[in-house]
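What follows is subunit A paired twice: with subunit B in the first complex and subunit C in the second.
After this line comes the complex of A and B, so read on.
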């Protein structure tokens, strides 16, 4: 865990960055266009990269530098590039089918954020300073919002982005709470993200070719 | 031993790659079969080494403790390698018929042989990894390889199954990853003696489990059960199981049902051991008992209301996994031993059923139970093996499943959990009746032996089985499970006792 006595400017920076990270996930919830989602995800990953870099500089840990660099390469550049490239190649301009409308989604997101805060407060308030509780709560609410995105949007791309937001939440959680996590773990998690995204993209391309759409609303044949 | 492990990791990889690159059907079949035999013999070698005098320390650890094989890992590896062996043998017959009947193209054929080897490799690697985060990532890789195996034949249904599979399981695994991070955090707080357990290796966590923070371990264990339980197919995270198992080719369904579930359950039990050492075994045992009972219930409800053969056995897997986690949850020597033995029994019985369904699918061109009639007249050998396999699956004596379920029941009586015993007996009887009633209508469903039997396209069926490669994979596990039902060899018993001591130390 981070030291108890962080300098004041660092407190402010971490608070600000995590607030923006939360905001970017709300941008995703409030949009109907797929490209918006992808850009918001890229910005979110970039903010997480800056946060990791700052923490690396503060704790002077080479591991965190490496992790930050790889985050920039994989989460911030490679994954959005793959997604946007695929959208351009298949000229996908679909709106997303929402099962829950945008205002209700935002209210739901707020509820999940508050829930995440209380959960994390109950869990770690005995031994963690306020700054850690705030950031960990935002990380947890990212995980919840990711799950909410998966269940409330009927497109393969938003399923992928929902999973990616969950992974971002877990990554933020582990960077804030356990900066000493072995480097190998972060490396394989990033590798895993890349492989999963590629696999899911191939599946959605196959789906697009076979059914003519990326909507998952029609996947209702297998029941019972 | 080091050479053996490296060989063990490379053989399936090379076999898969060669069968993809060489583009020769015969070569692909033979390479996969040889690779599976080598994997099976090496995993048997691990087992023999650990039982021998030299392996009395109980672990093989190499690469600076990155790879640690103890008795539990060796047991799971053996189960995986066994199913790999059977499935690679059955694939020879299945894929030949699939090319003939269902217009599987050459590209799909070679992709199948590439992926089945990679899938086996990822499952063989998972139990021998020491680092729990690496283990989880490996489980994620099994998801990816097997989801592409599900779409071996690209249809709208199989794409739906694969998509559900990959989305549900990936989100489950990310929850398990969160649980792992929490386990790491719980060792990094200023605990009882101000000691830090800065490791994700289960050997370290298990040895120092009393230093972990109890509240965090409780939450983390729940997250692990939800996350890996998705992969195991514990209810209510089982939604992908029937879809993926029914749409995958039969050899893959058998691998998914009989070995992948064991590999995922292995992870839960490792954490079970760590959480038990930290909070006392009462808490994790309760979690597993609740998950187990609910899975048995959901599985049997699915069986009763089922009209497709492969979905029937998928729900039966959910039920069997429920029984196994109930066994681990009840704890004690009998419960744990019974659960371990039930793992073996399930791994032997379930492939028979999936291979049998594969034969029926090729003969009748359908998976609908009501369209399959009179198998005993059209395919007598398959019918015999199929019904005998079903009897061993539902736990009729003499079979390994009977011993396993009986031991689990015995533990519940021993602990005076009469509610659980009564529930388990009722649910097991319900499963017995439901599965045998469905199979009865399929196997013996024609009143007159001379009546002509038609498949789903109204083509008259010729009598005859498909040949050795389709029958031997059903006969081998059947003989094994009946022998184990009659007599448990002493080395196996002492080996399983050793695993019990590892889990509930």
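After this line comes the complex of A and C, so read on.
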């Protein structure tokens, strides 16, 4: 496990970066504008890229350099570009109907974060240093917040972004806890994202053509 | 004995600094806002002229008002002066009366001043007074939890609620200065600062009846009473800026010994830091629009989240 003897400046850097990663997911929860979500996701991915790069420099591992580079290319550039392109094509701007209002969803995100901290503390506080507890708890809260974004919003683009946030959380988890993961696993995950995003975009386009909107709020009428 | 006398002199000088320079900062921020909007704007000494003018006008008081109406400006003014003694305005070491109260005591004094203005505006019996005080109370209810949590965060970092201890802790232990909880606390406090000094997105100081909050509370005051209230408003902004800058953001440049030269340097750096934050505040104020009254909770929910995250991330930061 990482972090048994990290120098203090690295502790501070990881602490700051993970806190900003968590904040960017709160930015996503607190806004109605979809382009805002996508930019926040891009910034989140960029912060994860910097974190991975710093860990790579610290552990002298070529694998982590490669993973960081791929993160930059796929998460930070390709996926936001695809989503923004799609938004422009269908001129979607704002999420009209939220099932949970914004202040309530911010507070809900907060509760999920506290729950994540609690869970991680109960699970690993016996054998992990504090900074690992902090980062792992933030990664777990990213997963929870991603799930919450999926269930509290109606537009398919938001669903895609929720999935991506979950995926970011899992990636952060793996980088923090097992930075020596084989490169092939990371490669598989990254291409998984790309394929998922493209497939879901195609599905949304089909949905837009068939039903005339990107909202999943009406989809239960198709049952039976 | 000698150092005790100089400390007392420093304390008096501290109060004089706040009294003298608070209108200047208000005028400066106004001027910058006007310049950003493409106008020339009033002189940065305009608040001094306003105060001078108001002190030479007569007082008109409604027959129905009681002693509460007459005492509120003095309570507000005196509580601002008391807060000045509690916080590190010019010196990094505590002055004789610095242990009179901690940051919570300062928050109580701010609330006391606000509370007296509230009941004074109810005391007049006009409709605008009730409107203003009810809106101000809603704002206070929304912002108070965040303020308390910011103080809890400061207390966690410094192991004390005294502002002097916080200042010296983050100076002497630099990793704490760069910790995420410190930055989150700074952001939460800045959001509260914008809300408490009537800047956008809250902007309580408009004269439009639909949206006025602060103005509705002091609408019936005139002459020297109004001048006192305005002056204590300027001082409130100045003191919040002092807490923000000298305790949280940039605790360097304060006087560390009893020489007059370091005092002079402390005043200059303080004003300079305030000008920089004033420019940032003016930029924010001109670049975003005002929120609807029923969306204020989003703004305060964001500040609340920041302060809670500061506390959460501090627990397991690992240094």
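Going forward, the second predicted complex is superposed on the first by the 218 of 224 C-alpha atoms of A that agree within 3 Å, B and C clash if a C-alpha of one lies under 4 Å from a C-alpha of the other, contacts with A are read in each partner's own complex, and residues count from 1 in each chain.
Just so it is clear, contacts are C-beta pairs under 8 Å (C-beta built on N, C-alpha and C of every residue); 3 or more make two chains touch, one makes a residue touch a chain.
Since we're looking at a predicted model, the values are computed, not measured.
Taken together in the superposed arrangement on subunit A, subunit B and subunit C fit without clashing. Of the two partner chains placed by superposition, A:59 touches none, neither subunit B nor subunit C.
Shared-chain residue A:99: touches no atom of subunit B or subunit C. With both structures placed on the common chain, the touch criterion links A:216 to subunit B but leaves subunit C unconnected. Of the two partner chains placed around the shared chain by superposition, subunit C is the only one that A:114 touches, whereas subunit B remains out of contact.
With chain A as the common frame, subunit A serves as the apex of an angle whose CA-centre rays point to subunit B and subunit C; its value is 150 degrees, to a multiple of 10. Of the two partner chains, subunit B is the only one touched by A:163; subunit C is not. After overlaying the two complexes on the shared chain, residue contacts for A:178 are found with subunit B alone; subunit C is out of touch. In the superposition on chain A, A:85 makes contact with neither subunit B nor subunit C.
More residues of subunit A are in touch with B than with the other of subunit B and subunit C.
Remark: least CA distance from subunit B to subunit C after fitting both complexes onto chain A is 20 Å.
Overlap of the subunit B and subunit C interfaces on subunit A comprises no residues. Chain contact summary for the complex, subunit A toward subunit C: residues 3, 6, 8-9, 11-12, 15-16, 18-20, 22-23, 26, 30, 102-103, 106-107, 109-110, 113-114, 117, 121, 129-134, 137-138. Contacts from subunit A toward subunit B in the complex involve residues 1, 123-124, 127, 143, 146-147, 150, 156, 159, 162-163, 166-167, 170, 173-174, 177-178, 180-182, 184-185, 188-189, 191-192, 195-196, 199-200, 202-204, 206-207, 210-211, 216, 219-222, 224. Within the complex, the subunit C residues that touch subunit A are 175, 178-181, 183-184, 297-298, 301-302, 304-306, 308-309, 312-313, 315-319.
Taken together, the subunit B residues at the contact with subunit A in this complex read 131, 133-134, 137, 140-141, 144, 147-148, 151, 154-157, 159-164, 166-167, 170-171, 174, 177-178, 181, 184-185, 188-190, 198, 200, 215-216, 219, 242-243, 246-247, 302, 305-308, 311.
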